[in-house]
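Handing you this structure, nothing more for now.
Chain nomenclature is as follows: A, B, C, D and E, assigned in order of appearance, with residue numbering initiated at 1 for each chain independently.
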């Protein structure tokens, strides 16, 4: 067992645990906090995979922006109470069954698949994940999607405005 | 020339019909009657011409007018065949037809729809002529069905009475049952010989070497069923008594003299076929004999003057079929002719009586009319004597020939025929006695109005009475003009000439004696004992069975009419609805599925996603685990 | 490529119009702009090529479908004028979102890289989420938006996972590379799983059974014009994209996969039609009808190599009929709080023209000849029988019969019931859209070769 | 000059009628239908002169579909039936006031267009399109201008529509399958196909479903009586006079020659079904209370016989079937018109409420009587020619078929005369029966004249149809 | 430079991501609180992002990481729109319980 693997295991354990807790916590605030931890642990995975830039972006976007948005909403709606009524047993059973099923099926498939490479993975030796390279790929090859993502955000922005803007009662 | 004359012969009645239909009302009653009568008289005149022609030339005239129906293996043309047989038939069809038309001018004068009546009569004559002179079976079939139609129209002439309409309908349907038989026969003949033309059929059958006797027999039998329908033989006879619902001239013309003999005509026409199928001939003879007897027994107790005559007609037709079955076509035809004379006379006479009594037909309410209506009485007496078979009236000769032929073939048939003859004599004179003798039993009002009919009515009666008297002359034993005349039609006619020995004289005497016995019984019962038939309700025992015609109508009703109607109701109420429900059921099932499905779409995101995940798992596992 | 740029430009222009206080000009200018873009697209129809490192691949297929989408958007924008009368201040937003939605659609059929595909589908989806929920004071609309959003994001997650697996197997997002690799090398199993997951995500978008549950609810709750967009444009886009995905990346569909398609197609048709029978809400009914049509269109996937033009034809006829139907629905249900069938009572008497248009549209969907829906079904059946799936065709035929049941329910309501109240006004845009779309439908029916030979 | 002209004229007529407005609609429609009749007679002359009056043009390249209109004797005969009955039907409606008349008459012409197209189409798909197209106008005619309770009518009409559509869709599948095999749907190409016995059976059955429902053959007839009863008389006339002939025509034109092996192998089954229809229809008709329903069942019986004739696969059977189709077309139109005439005066179709009309209107009675007689195939009417030929062909297959099928002449007479008795005869009715108007009389007289003329001289029609039937017969017997 | 996967193995990442993804799915199904459901969806997306990065390393290719940027943008956009919808639902009905969204059914 290399250190990396142990690190991976620890990180994975944290990720999965916090993810579970996010789902299970009765208090939405707790869920949010667990989710933040989960995101950080995912950022740890990124670091482990040597994708530092992505890790930072991830923390900024998820933990910084998205989670704050969630928290804002929770506060706004005053939902920080454990007021959720329990779902009927059948629904929970359904959820658990489908969870087990999908896990089982997917994992079984991946286990069944033949081993990809017996221990040795490609090593090109080239730099492929420094900020420089990423920037080049993003702004050369992926220029169009990059631009197009702005459309996506624009749409989201217009949409959010559209949904929350009060209309002036003209007529 | 011949073609044109034949067309005149055929189409004048049609013209009369058309004139009466379209202008009848404007013409006025008398004039429309005259038009109707004239058109038949013209036909009669033309017939006379042809009669003269044929007696001289002895060659049949065959005319093809146009192509009619195409069948894959042969073509049917609309053609006419004027030979000895058809001209003979034409003679009495148009001849008696003319007389009855004449009679009707007066008889129907009080009816508001006289022009319609004449139109129908003319139409009938037209179809009858078509039947007789059609050169192939299918043209004959036009006439065959056409006369049935006219019979229907005329029986239901007084259409406000639904019972009359029922009778008319019954007649038509009974006839149609026979017609189906006839059609089947036609089909088989067409199939076997690829022709329906009488002359070619005759050569084909006589020339054929290896005939399929089975199919030939079936064809003959099917044709005989057709004849049964039209000529009122067992089991299809019940319509004829009911057909008396029509005006009396109609009964005289259609249901006594002409139309009902169509079956005999057809069988005589196809004698070459029936000669080859002895089994069918036997059936015909037996059916004929039984019909003669059964109808005669029923006739014994009937109280309606026209019903008696109707059953008498059936009985006489039975005798004719008996002769046909025995292969004695010319004898049958002889009886047809004499029967036409005296039965027409009887019907017209009864019409005269009914006319005088203002529509009364029940003999129990008649009597003593001898004085009031001497001419009617006399003519009817002559006709009655003729039908009873008293020497030397026409009926004696013809009936006697039938009985002799029967005796030669089968003694049982002879016995049956003789018994029927005795009964005939009885009920005819029962009729005469009840109607004309003793005291009048009707109302005072009727008595007041009793009168002899006008000359337009009596003239035809007298002519027919004369014919009934002398009609036998056309075929005297040993010296038969008729047999000679018909010789080209029938193959075996010369072989079967009777020898007139003591034996035959003996038979004649027996028949004559039988007739007198019948008359005597009638005399003792109705003149001596002065009895009058009882009220309907008091009739008991055998006579009740007879009075109710052996309950045959009821039996038919129970056996056929009611089941079919019940079946109809059953189909209508159950089968139809259940097939419909089956179709609707499919719709209902899908609808119900839809309803259940609505519960599945319960609006819950959880459930929707659950289904999503299940679907995903199912697809993935099918693709990657099940393989 | 030019089409995509022009469309996004037009979208931005729309927003500018609002700023420049040219609100009244928005609808006409957008329509003119779209017509111009349509002209541009058609003029470039025969030029094919790839742009920007193969991000956008333009060929006949993408051009044809893009043109169809543009036409549909023109109609939808036309209908907007009347529909958003009372929301003038948001008009530009609505129109702009529709235009961006169109750009997403165009991106989806002309992608050369899975990134473009993903972004396209997200633009489309997010626009639709917004539009579905856009009647903000109406709880039903909110609920529809929420349901669509939740399930849509879920499906996006699945698609993303699929893309990820494809990338894992191939090491590239470029479809050309992927398809080359998929033919040559021995594939890791990730690739087919990825394809399956992307397919499932797309099946959700086209609302095939069992991923269809959102459709009736969302169609019912959304504002009618959004429903029109979803049932015509969005469905057709998703179908075209799925077709393109499968045909571009995975030329040899395995037999098992075909069986899956057969089963889903049959299930979609049957469930859609049977469920539609008892619906009283017209939009909901059309949602189920849309599900069944999705089932029909799935049949095109059974003969991937040859059925592109059939699919195009089917998509055109279905969506044109849908537009015609919805324009009448918009007219009838304006200012009503629901789209119940009762509202249609007596339309045949009060407004025979629109009733005739709706009748035509429904007959086209039911597949009655002379309306192009019939030919669409015909060519599809033809293709499917050729591929050897007679069973599907027979089930489809039975389903066509069932479908007549509910289409005629609406027709009967229009013609045999007494009208309940007068409807005022003859809005030009609605009439124009209704008549033009049904006319186009009939023209396609009379000259099917116009479309069928396009991709030949 | 070719047959497409007819179709164009009918279509133009439909539009013109719609545009003419409610007042003029009926006259415009009559004018156009008469023009089409004239046109078809001219075409007939051209055809008899040996000219080519077909019209074939490529329509869709992929799949390969042609716009092919071909007229041989059979098609022309059916076309003439359509074009002759259409003006009659339109003319017969002159005594009625219809609301929204322009749509009504336009739909009639449109329907005539579709039906004429069905008879002319020589490409499977084109034929199918016309076939389906004819459903829509009759659906609306029955639905909107029908009589009786609206809900019941709706059920009946929708059932009819879905039912017939259901049948024909399977025919479509069969056509697609045939297309796969032949690469074209031109009828000549389809005739040339060499299909295995089992293929033929399935195709035969698919066709049969469509035709059995349309004709209708029992047990697929349940839509018929209700629709006939509920539809306006004009609609009923169109349905019974022409539309159900489409099914019978199609049997002869499409079903038998394309799948002859199956037709031969299962001939007895289909003949038996037809004959069962004869007997069943006749018996059910006996106790119907509604005049139009009774006529509907009589129609069921008659077409059963026609179908049986067609399935005998003999020249007689086919020829008899075609003759009987034409004859039945005229008779049934006449009979339904008679029912309509009574309805106009008595406002009822229930038989028990009628009776005693004969003493009020002898003219009408005579014409009705003639129609009844023609319907029961009295010799010298056109129906006899057809019925005789059909029964003859049946007797060639098996004499029992002829006997059982022949019961129609007994049972037919029974129910028709029973109906006539209760409708027309009996004590004078208390309700007033105005004598027939000139329009009504003219319509009836034309029908009666046609029936008698061709009853005595069917040769022109026989000569017209025989070559094409022989041609079809050679196709049937090709292997 | 060493490939980190030599020590951890791509399978482990796959399993991790699958399980994480499934937890997300589970959350969506299990919870009625819309906010938590959103969070679960974020977990799903994150699982995929992680897998992207893993595959990126596996292929030694930058595209996977680039794609993660797009994925993040999408996630952000979705959250923005989703929360906007959520807020308007909350305004109209006062609850964010998805189980209460059952007005549309049948």
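In this section, a residue touches a chain if its C-beta (ideal position, glycine included) is under 8 Å from a C-beta of that chain, and two chains touch if they have at least 3 such contacts.
Molecules present, by chain and UniProt name: A = NADH-quinone oxidoreductase subunit J; B = NADH-quinone oxidoreductase subunit L; C = NADH-quinone oxidoreductase subunit N; D = NADH-quinone oxidoreductase subunit M; E = NADH-quinone oxidoreductase subunit K.
On a predicted model such as this, the values are computed, not experimentally measured, just so you know.
Distance from each chain's C-alpha mean to the overall C-alpha mean is smallest for D. Note: the chain lying farthest from chain B is A, by mean C-alpha position. Comparing mean CA positions across the assembly, the chain most remote from chain D is A. By number of C-beta pairs in contact, B-D leads when B-D and C-D are compared.
Note: centroid distance chain B to chain C, computed from Cα atoms, is 78 Å.
If each chain is reduced to the centroid of its CA atoms, chain B and chain E end up 98 Å from each other. Each chain gets one centre point, the mean of its Cα atoms, and the points for chain A and chain D are 71 Å apart. Centre-to-centre spacing of chain D and chain E amounts to 66 Å, using the average Cα coordinate of each chain. Within chain D, the positions touching two or more other chains are listed as 162. Touching of two or more other chains is recorded for residues 10, 14, 21, 24-25, 28-29, 32, 54, 58-59, 61, 63, 66, 70, 74, 77-78, 81, 84-86, 88, 98-99, 101, 103-106 of chain E. Shown for chain B are the residues that touch two or more other chains, namely 587, 598, 601, 603-607, 609-610, 613-614, 616, 620, 624.
Pairwise chain contacts in this structure: A-B, A-C, A-E, B-C, B-D, B-E, C-D, C-E.
Residue ranges of chain B in contact with chain D, taken from their complex: 21, 66-72, 78, 116, 138, 141-142, 144-146, 149, 152, 156, 159-160, 162, 165-166, 169, 172-173, 176-177, 179-180, 183-184, 187-188, 190-191, 218, 564-565, 567-569, 571-572, 575-576, 579-580, 583-584, 587.
Those residues of chain C that touch chain D in the shared complex are 309, 348, 363, 368-370, 374-375, 378-379, 381-382, 385-386, 390, 393-394, 397, 400-401, 404-405, 408, 412, 415-416, 448-449, 452-453, 456. Note for the complex: chain A touches chain C at residues 109-110, 112-114, 116, 140-145, 148-149, 151-152, 154-156, 158-165, 167-168, 170-171.
Residue ranges on chain E touching chain C, taken from their complex, read 10, 14, 21, 24-25, 28, 34, 37, 41, 44-45, 47-48, 51-52, 54-55, 58-59, 61, 63-64, 66-67, 70-71, 74, 77-78, 81-82, 84-86, 88-89, 92-93, 98, 101, 103-106. Looking at the complex, you find that chain D touches chain B at residues 159, 162-163, 219, 222-223, 225, 280, 283-288, 314-316, 319, 356, 358-359, 362, 366, 373, 376, 378-380, 385, 388-389, 391-392, 395-396, 399, 402-403, 406-407, 409-411, 413-414, 417-418, 421, 424-428, 456-459, 462, 466.
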